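One structure coming up, written as structure tokens, with questions to follow.
Which chain is which? They are A, B, C and D, in the order written, and residues in each are numbered from 1.
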Amino acid sequence: MIRADVVRGPIDTAEVLAGVGDAGDGAALLFVGTVRNHAGGRPVDGITYDAYEAMAREVLRAIAGEAAEILGTERVAVVHRIGTLKVGEVSVAIAVSSPHRAEAYEASRYVIEEIKKRLPVWKKEHYSSGEEAWVGGAVPAPVGPADHR
Amino acid sequence: MIRADVVRGPIDTAEVLAGVGDAGDGAALLFVGTVRNHAGGRPVDGITYDAYEAMAREVLRAIAGEAAEILGTERVAVVHRIGTLKVGEVSVAIAVSSPHRAEAYEASRYVIEEIKKRLPVWKKEHYSSGEEAWVGGAVPAPVGPADHR
Amino acid sequence: MALAVRTLFFAAYRDLVRTSELPLELADGATVADLVAELRSRGGPFAHLPPDPAVAVNRVYASASQPLGEGDEVALIPPVAGG
Amino acid sequence: MALAVRTLFFAAYRDLVRTSELPLELADGATVADLVAELRSRGGPFAHLPPDPAVAVNRVYASASQPLGEGDEVALIPPVAGG
């Protein structure tokens, strides 16, 4: 039931959320990351996400599995889009569902924080000025997924 | 821009989420509470939510305002449904949007926790056995909204 | 002098006293606690109301010692269970 | 004995060295650190690669001291920025 995808087309957030639903749960949480119209004070028109795609799928699957352990259910879905996105387009959607809202919040937050720490994805910001630049981020630690817990 | 509603019809969660979106933000969070098919080990067919409706609107508006302070934006929407709901139907939807995901998680969580503590809403569970009972909950403290922070 | 207030009942309390609203006359200077005592002294199902329930006066949670005013809307609030 | 590996470059590193993939021959027993040193010693843009970049071997993050094996897929990972 765990879903972890890297996709090139638009993300349907409602569909990601619906995919985790369960009548035995009472709390579902959807995180949606979108492309902002500014970065570091500069107007931005869009972002190109590059990825080490094969590895990104594996890392995303590992992160989702770790979140499922926090959650106590397998009802986790995470989808990251790559390619060139315009302002306001969805870059990542994370849905979790659980009988317990505390665990839902913790697991959802875990997924986005781990994505930022270790998903091999990069972004090039396209500024309204016509310039563009790769955005510096986190340096992943040389450890297996299990050690990230 | 803050939205706080008590409604009698179905909640469109996608519409609640879309209502808070902003191109200047990067993180949106949607919490969805649904009717569970069990409670305290007993199978449940549905729940009737009763409310002190005029006060519930005021309390919900206060909670949303407090969440906006945490969030640093006015992009908060919370909708609570009352009346009789079937299993799987949405009882509450909370959407927040912020440039900062930490604040988004904190504000979203704040809203649902305060709802549980002080929103004058009650639920009667309809068990599959045909029995029904009001569910005991939290005893609200005799303080103004500002003291809840 | 007397003080007229509206008393509202919800959920389990409404089922208990079998009404959602009751007009009450109280002595001038009466507090929330006085109103609750007055209700409980009516006997029958009213005697089964708790001695110190949560109460909202004009849609704001109030302490037991809060004085009431003419025309106040006083709601007895059973433990809440929203969400 | 020699060891053949594939080296992959992404994002800023790919733009720097102007290729996404480079086959390399290393001495038997070579580690991740040896591979990075070998790359940097090629000079030109390669000399501008950092001395201790994050590296994934066969799609798992590896330490600088990890030994490489025949056919390994070794990726130099610039600071990541997903989400």
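Just so we're on the same page, a residue touches a chain if its C-beta (ideal position, glycine included) is under 8 Å from a C-beta of that chain, and two chains touch if they have at least 3 such contacts.
Nothing here was measured: the structure is a model prediction, and the numbers come from that model.
Minimum number of contact steps separating subunit A from subunit D: 1. Separating the centre of subunit C from that of subunit D, both taken as means of CA atoms, is a distance of 75 Å. Remark: subunit A and subunit C have CA centroids separated by 50 Å (rounded to whole angstrom). In terms of their C-alpha centroids, the spacing between subunit B and subunit C amounts to 26 Å. Note: centroid distance subunit A to subunit B, computed from Cα atoms, is 25 Å.
Touching of two or more other chains is recorded for residues 33, 112 of subunit B. Annotation, chain-chain contacts: A-B, A-D, B-C (touch as defined at the top). The residues of subunit D lying in touch with subunit A in their complex are 8, 10-12, 15, 54-56, 59-64, 66, 75, 77-83.
Subunit B contributes residues 33, 49-52, 54-56, 58, 80, 91-92, 112, 115-124, 134-144 to its touches with subunit C in the complex.
Note for the complex: subunit A touches subunit B at residues 13-14, 17, 21, 23-38, 87-88, 99, 101, 105, 108-109, 112.
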